[in-house]
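Shared between the two complexes below is chain A, which pairs with chain B and chain C, respectively.
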Partner chain A sequence: MNNLPLLTENQQDDLVFKKESVLVETWQRLKQNKLAMFGLITIFLMIVLAFCAELITPYANAITMNFKQKLLLPSGQHWFGTDNFGRDVFARCLYGSRVSLAVGFGTSIASLLIGSVVGSMAGFIGGRVDNLIMRFMDLFSSMPAILLAMAVVAALGSGLVNVGIAITIASIPTFVRVVRSSVLSIADQEFIEAARAGGTRTPRIIFRHVLPNAIGPLIVQSTMNVSQMIIMAAVLSFLGMGVDPPQPEWGALLSEAKEFLRTAPYLMFFPGALICLSSFSMNVLGDGLRDALDPRLRD
Partner chain B sequence: MEKPILSVNNLNVIYKTRKFTVNAVNDISFSLNKKETIGIVGETGAGKTTTALSIMRLLPERTGRITGGGIHFNGDNLLSLTEAQMQCVRGANIAMIFQDPMTSLNPVLTVGEQISEALVLHNTGNRSPQQIEKRVDEVLTLVGISPSRKKDYPHQFSGGMKQRIVIAIALACEPSMLIADEPTTALDVTIQAQVLQMIRDLRNRLSTSMIMITHDLGIVAQTCDTVAVMYAGELIEIGRIADIFTGDLHHPYSLGLFGSIPKMREKTERLTPIPGLMPDPTCLPAGCHFSPRCPYRMDVCNTPAPTCKMNETHQIRCHLFAKESLVSMHLPESLKTSPALPKDRTQESAIEEKHEAPLIQTLGLKKYFRIKNSYLHAVDDINLSISRGKTLGVVGESGCGKSTLGRVILRLLKATAGEVRFNGENILGYGTQKMREMRRKMQIILQDPYSSLNPRMSVVETIAEYMIVNKTFKTRQEIFNRAVKLMDTVGLARRYVNSYPHELDGGRRQRIGIARAISLDPEFIVCDEPVSALDVSIQAQILNLLMDIQKEHELTYLFITHDLSVVKHISDEILVMYLGQCVEHAASDDLFDSPMHPYTKALLSAVPEPDLSASRREISVIRGEITNPIDPPVGCRFAARCDSCRDICRSKDPQLVDYGNKHYVACFMLQNYRVF
Partner chain C sequence: MYRYVIKRIFMMIPIVIGVSFIIFSILAFIPGDPGSIILGPGATQAEVNELNHQLGYDQPFLQRYANYMYKAFVSRDFGISYATRLPVFQQIMQRLPVSFLLAASAMLLAIVVGVPIGMLSAVRQYTALDYVPTAIALFLASLPAFLIGMVLMLFFSLWLNWFPSNGIGSWEHYVMPTISLGLPYASFQLRFTRSSMLETIRQDYIRTAKAKGAPESSVIWHHAMRNALLPVVTVAGNNFGLLIGGAVATETLFGMPGLGTLIVNGINTRDLPIVMAGIIVFTILFSLIILLVDVMYAFIDPRVKARYTSGD
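And now, the complex of A and B:
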C-alpha cells in the first residue's frame, strides 16, 4: 500500500485538487468492470427499446387478436411466435417491458429512498423511535407481501400507479431492516463520535457519514428487489388487480403462457428469459456499483 | 556445549499472493537452549509472528511458504516432518499462546473440556479418563484458577483469567518449548504483571524453554535471557540481555527503539523517534533494509549488511561494525542523549503558576449508566481543573471510566449530575445552539486511527469537514487551503490530500485526526488514548507532535491513557482513576517520585521497564482484577484488592485529602498517619 519512497515525504509537491465529482470517479472505476458494463448496456438497451417501441412495431400488433395466426412458432415474421389469440409475442414483450421496467425500477427506487431514511432513523436515533419504527415494520412483514399489496390495491383501486404503491409498501420493511443493521454497526464507530464533537447536526451525520458507508448492502438489496418487483406486479395482474388484461406485461405474459407449457413452450421462454436477463443485468450492475463506490477497493 | 533444543538456520519465509510476493522473514538464525527464554522484539510487520508460525508450521496454507533454511527441534528437522507427525509435535512438544485470549478460546466448550482436549489428543502417559480429569485440575491450579470452575464457559471469565486458561491449555501436555505471541498485550498493566509473573514462575518450575514475542522492551528485560531484535524480516541484533540493555554497541535501529520509549524514571523533554516508517515488505530497499531511516547511512549500505560478532553471544547485522569501518568513529553516542531541549518545562510552570483561573473545571461530575434495574457508576464524583496550556493526564485500567469522563466533559455523553465549567461557565446548561458554538473550542482526538476516520472521505475532506459544518470560511477554496496548511502543521505530506484513510498507515491516520481536531482553533482537547494503537517509534513521533502543537497554540489537554510512561512524559498533573473515582491527583513528578495511594503504587510497580537494574527487583503484584462498577457498595472501591485494607475502608467512603503541594489522595491509611 505504502510503497512511495520515504525520502519524498517532505517534498512540497504541487497541489492538484483532483476534486472530481464522485460520479466521475465512480464511472471511471465502473468502466473497468466488464460484467457490470454488460449489465449496464443490457439495461440501457432495454430501456431504449421500451421508449422507442412505436418505431419498431405499432401497439396494435400487441393487442389485436388474430385467430388465424394463433400459436405460431417463432419465425421471420413473428420473432417470438404468436400466442393463443394470435398476438405477436415480440410486440407484447416489447410493450410489456414498459410496464415491467417502470414497475421494477420505480418501486425499487421508491422503497430504497423511503427505506434508507426510515431505517437510518431507526438505527441512528435508536431508543423509542427505533422501537416504534421496527414494530411497525414487524406488523407489515407479518402478513404475506402479496396479501398486503392486495389489501392496498383493494383500498386504493386497481391501476398501474396503485399497484406500484402497493408493492412499494410491501418491500419497504426489508429495506428498513438492511439499512438499520448496517447503520447500527457504523454508528458505533469513532468517526461518528468525531463528527458529533465537531458540531455536526444529525441529518448531516446520517447523510454524509452513515449512509455512504451503508451503501454496499443497500445497492445489493435494491438490485435484487427489481426482479422481485417485476414478478410481484405480474402476480397482481394475474389476480386481476394490476394492469388490465389486454395490456401486455412480462409477468402477465408468463401467467398467460403457463397453460401452453406443453404445446407452445416458447410462449413462456421469451418473457421468462427477459425477466431473467433484466434481473441478472441488474444484479451484476449492482455488484459493480457497490465496488466502484468503495474507495477501499480502488487501486 | 549443551545441544540447543531448537535451532533455526537461515530461515526464509515468503507470502505469495496473486499480486505480490512478501519477503516476510529473510535469512534468520538463532538457537534456544533448554530452560532458556529468547525474546523476539520488533514493530508491526517485522516478521516476529511469522517466525513463530513457521516453527509451528502453521503458516497460512495458500500463501505462506518456507523457501529455505531449517528448523531443528530436539535434533529433528521440523520442515521434513509430515503433517501427521507435525500434529504430534504441536501441543505435545511445542505449545503456543496467542495474543488475544478473547478469541483463542472456543465459546461453546467449557474450559475443562478445552484443556482435556489436548490431553486426550496426545494422551502421552496413557492416562485414563479419571487421570485426565485429575490433570485438568492440576493445570488449572498451576495457573491459579480454582479447579471448581472447570465446568464454566469462557465468557464467565475475565480477560486475565482467560489468558491463564490459554496458558493452562498450552501447558497441559508438559511441552518442552512454549511460544508466547504477545501474551499480555491485550491485558491491563496490573493483570499483565500477574500473568508475566506466573509465566516466569511456571517456566522456572517446569524448566520449559520459551520464545517470547513482544513489542515491549520492558517485558523482554523482565522475562528473557536472550534478545533478538527483528526489523523488516531480518534479525538485526541478537545477544544476551546484558549485551542489549547494558552494552555500548548497538544496531542503530535498536538504539532508535530505545530512544522512542518514554522513560519512567527520568524526565525527557522530547522523545527521539526514528524518522520514517518500516519499508513496504513487497519492495524492500536494496542492501540493509534499515538504511533509508538510518542516521549513520554510508554508501556501503546499499549492499547486504554483514553479521558482525561483537562477542561470544552478541551479534549485530550492520556495516558500522564490519571490520573495515572505524567503529569508534561511528559509535552512536549522540543518539543516547536527546537533542538540545528548547526550554525546561518545570521552570516555566513555576513562573506562571500564580492563581490563574482554570480553563476547564468539573464539579461533582457523575455519569451513571442504567443497566436494567441497577446503575453502572462509570464516573462518580470527579472534581478536576486544568489551567490554560497545561496537560492533565488521566490514568487507570480499562473499565475505570476514564474515556467516559472525557466524553462527559465534551458533552458527547450526558452527565448524570455535576457541572463542567469552561472559562467559569457551566456548559452543561447550554442550549443546542450555544453548545454548537462551544464545540469549536473543545475537541477530541480519538484512540483508534482505523475507525476514527470516515473510510469514504479523502484526507482533505476529513480535515475540512468541521470547517464546512461550522462555516468557518466563505468559500470552499479557502477551507481547502486551510486544510492543506493544517496538513503541513501536523507533518502530513501534501501529496496525500486526495488519499483515502485506508491507503495510509496508523501514524499518518492519527495525524489526520489531530489536524481535524485543531482545525477550528480549539482551546481544549481531550486526547483519548491517541497513541495506544501505534508502534513505539510512531508513538514517539505523534507524542512529539502533540507537544509541539500544544506549545504553538497554547492548547490545554486532558490526556487519557493506560500507559504510565506516556502519561508521565506528556502531563503536568496526573489524576489516577479507579472504578469511576479519583484516588490520587498530583503533579506529574510528585506522583511518580512519591506515589501514596496503594493503587497508584501497584500500577507504577506493575509496569515492566526496559532496564535491567529495575527488572529483576521483586514486583509487588496486585491481587485480583478491577471489579464491576455496577451499584458499588459503600467504602473504598479499591478495598477488595488492597493489602492494607481495614474495617473503616469498607464502611466509609474515603475523601481526597491534600498532603501538601497539591498532592491529593483518597485513602484512610494515610489519614491516620498524617502529621498535623
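And now, the complex of A and C:
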C-alpha cells in the first residue's frame, strides 16, 4: 500500500527540517480534498476528450445534416440522439466542448494577464495612477457584465473570437481588484523595500517580487472565473450572440434544444449536463484550492 | 448622515456619464448608419443622408454624445426607436415594471431561501444539515439560470401543465421565472451567509458570551446573527448585477416583455437607441440598489454610522 520509497535516516531528517515549497504543500493539501480532486479529474478528462475529439468521431458528424435521421432518441449508434437536422448530438457536444472550454479557459487566462498588469500597476504605483485605474474599473463594474458583453458582441459581430473578447472585457475588473488588493498588502513589506533600495526597476519588482507573492488569490479567482465564463458564454449563445452556426457550442445546443422541449427533451439534457459538470468541477476545484492555499480560511 | 447620502447620490453622476460614454463608444462601432437602418435597403442615398442629417448623425462623435446626453437627461428624450418609431423612453418605462418585479421577487426568494439555510448550515457545521444544503448550493451555483428555467418549463409547464410557460398575464406567469432566476442566487446567498456566520461564531465576543453562560440559542440568535448578517446585506446588493444578467436570458426563455428582451431584440435588429437607453437604465438601477444597500448598511451598523456622523 505504501508507495513511499525507503529512506535513509539522513534523508528522513532532511524531510523533517527542509521546508517544502508552497506548491508541493498546496498540492498535498489539495489531494486530501475529495471533491476538489473530483473536479480536477473531471475537468482534465473533459479537456483530454476535447483535444482528442477527432480520434473519437470526425467533425463532419457534428455538422452534416441528415434529414432521414432527425430527432432520434439516444441509441447505440447515436449515443446522445440526433437533432432536428439529423446531426449527431454526441459529436456536437464533443466538438462543442472545444469551443466552450476554450472560451472558459482562454478568457480567464487573458483576463488574468491583463488584470495582473493593470492591477499591480494600480496597487504598486498608487496615487493618481491608482485612482484613475480604479475609477475606470468602477465604471465597468457598474454595468451588468452580460449587458457589457452583449454590447461588445453587437459592435464586433458574433463569432468565437469576438465572444471571447467581450467576456474578457467583462471579467477584467474583478481580476484588477484581486491583484490590486494583494499587491497593496505586499507592497510595503520589507523585501520590497530592500529590492527598491537595491535599485531594482519597478516593472522588475512587480513581476519578480510582488506578483509571485500574490499568486494564491489569483489562482483561486482564475479557477472560479473559468466556471463563470463558461456560463456567460452559454448565456450569450443562448441569446443568439455566440458562435456562428453550424459550429456547435453548449449554449447554442441548448438554444436549439429549447425549440424541441416538448418533442425531444433529451436534446437539452446532454449539453445542460456538460455545462453543469464543467462549471461545477471548476467551482469545487477553486474552493479546494482556496482552502489548500490558505488553510486558515477553511471553514 | 444625510450628507453621506447626498454625497453618494452625487457620486452616481460621474458613473452614469462614464458608463453611457463607454456604451456610446462601443455602439459607435456597429456597422451601418441610422438612416439606412431605419429606411431599409429601398431608400436612395440622398434620403438616407437627409435622415442622418436630421438625426444629427453627420456631426462629430463627441458632439453626438453631448447632444444625446443633453437630450436624455434634460428632457428625458432618449431618441426614437429605429424599429417601432416610438419614443425609447416610453417603451422602456412600459417594460421596466416587468423586469423590476422579476428581479425583486427573485431576490426575495434568494434571501428567504438562502439566508436561513446558510445560518442553519453554519450552526450545524459538519452534520447532514450542513453538507446537504452546501452541496446542493454548489451544484445550483454551477447552472445558468436559463437552464434551470428550461428544466422547470419541461416539468411544470409541458408535462404537468401547472404553470404557463410564456408571457406575463397573471402571477402564475412569474412563478417559474422567479424560481429559475432566484435559485442560483439563493445558493450564492447561502454559501456567503454560511461562511460569514462561521467567521462570526469564532470571534472573541462570542466566546465571551458563551463563557458568561448565555444559552446557546441566545448566543446564536442575538450575538452572532446580527453581526453575521451585515456583510450578507452588502453582498445581496452588490450581486444584483448578477441577477440582472440572468434576467436577460430568463426573460427571453419565458417570453416576458421586460427590459432584457427589449435590449436583446434591440441588438438583433440594430436598434441602437433602445440598446443604449436600456443599458443606461439598467446601470442606474444597479447603482441605485448599491446606494440603497450602502445607506442601509450605514444605518444598521453602528460602527459605520459612527464614522459618518462624527467626522464627515
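The working rule: the second predicted complex is superposed on the first by the 201 of 299 C-alpha atoms of A that agree within 3 Å, B and C clash if a C-alpha of one lies under 4 Å from a C-alpha of the other, contacts with A are read in each partner's own complex, and residues count from 1 in each chain.
Here is the rule we use: contacts are C-beta pairs under 8 Å (C-beta built on N, C-alpha and C of every residue); 3 or more make two chains touch, one makes a residue touch a chain.
Nothing here was measured: the structure is a model prediction, and the numbers come from that model.
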Chain B versus chain C as contact partner of A:L156, first or second or both or neither: second
Partner chain in contact with A:N283 - chain B first, chain C second, else both or neither: second
First (chain B), second (chain C), both or neither touched by A:V24: neither
First, second, both or neither for A:L55, with chain B first and chain C second: neither
Which superposed partner A:M241 touches (first chain B, second chain C, both, neither): second
On chain A, positions contacted by chain B and by chain C: none
Touching residues on chain A, where the partner in the complex is chain B: 1-13, 15, 17-18, 189-191, 193-201, 204, 208-209, 212-213, 294-296, 298
Residues of chain C defined as touching chain A within the complex: 14-15, 18-19, 22-23, 26-30, 125, 138-139, 141-144, 146-147, 150-151, 153-154, 158, 194-195, 198-199, 241-242, 244-246, 248-249, 252-253, 263-264, 267-268, 270, 275, 278-279, 282-283, 286-287
Residue numbers on chain B that touch chain A, as the complex places them: 276-277, 279-280, 282-283, 292-293, 407, 410, 412, 436, 439-440, 443-444, 446-448, 451-456, 458, 460, 465-466, 469-470, 480, 484, 493-495, 497-498, 500, 502-505, 513, 516, 520
Complex contact set, residues of chain A against chain C: 135-136, 138-148, 150-156, 227, 231-232, 234-235, 238-241, 251, 254, 257-258, 261-262, 265, 268, 272, 275-276, 279-280, 283-284, 287, 299
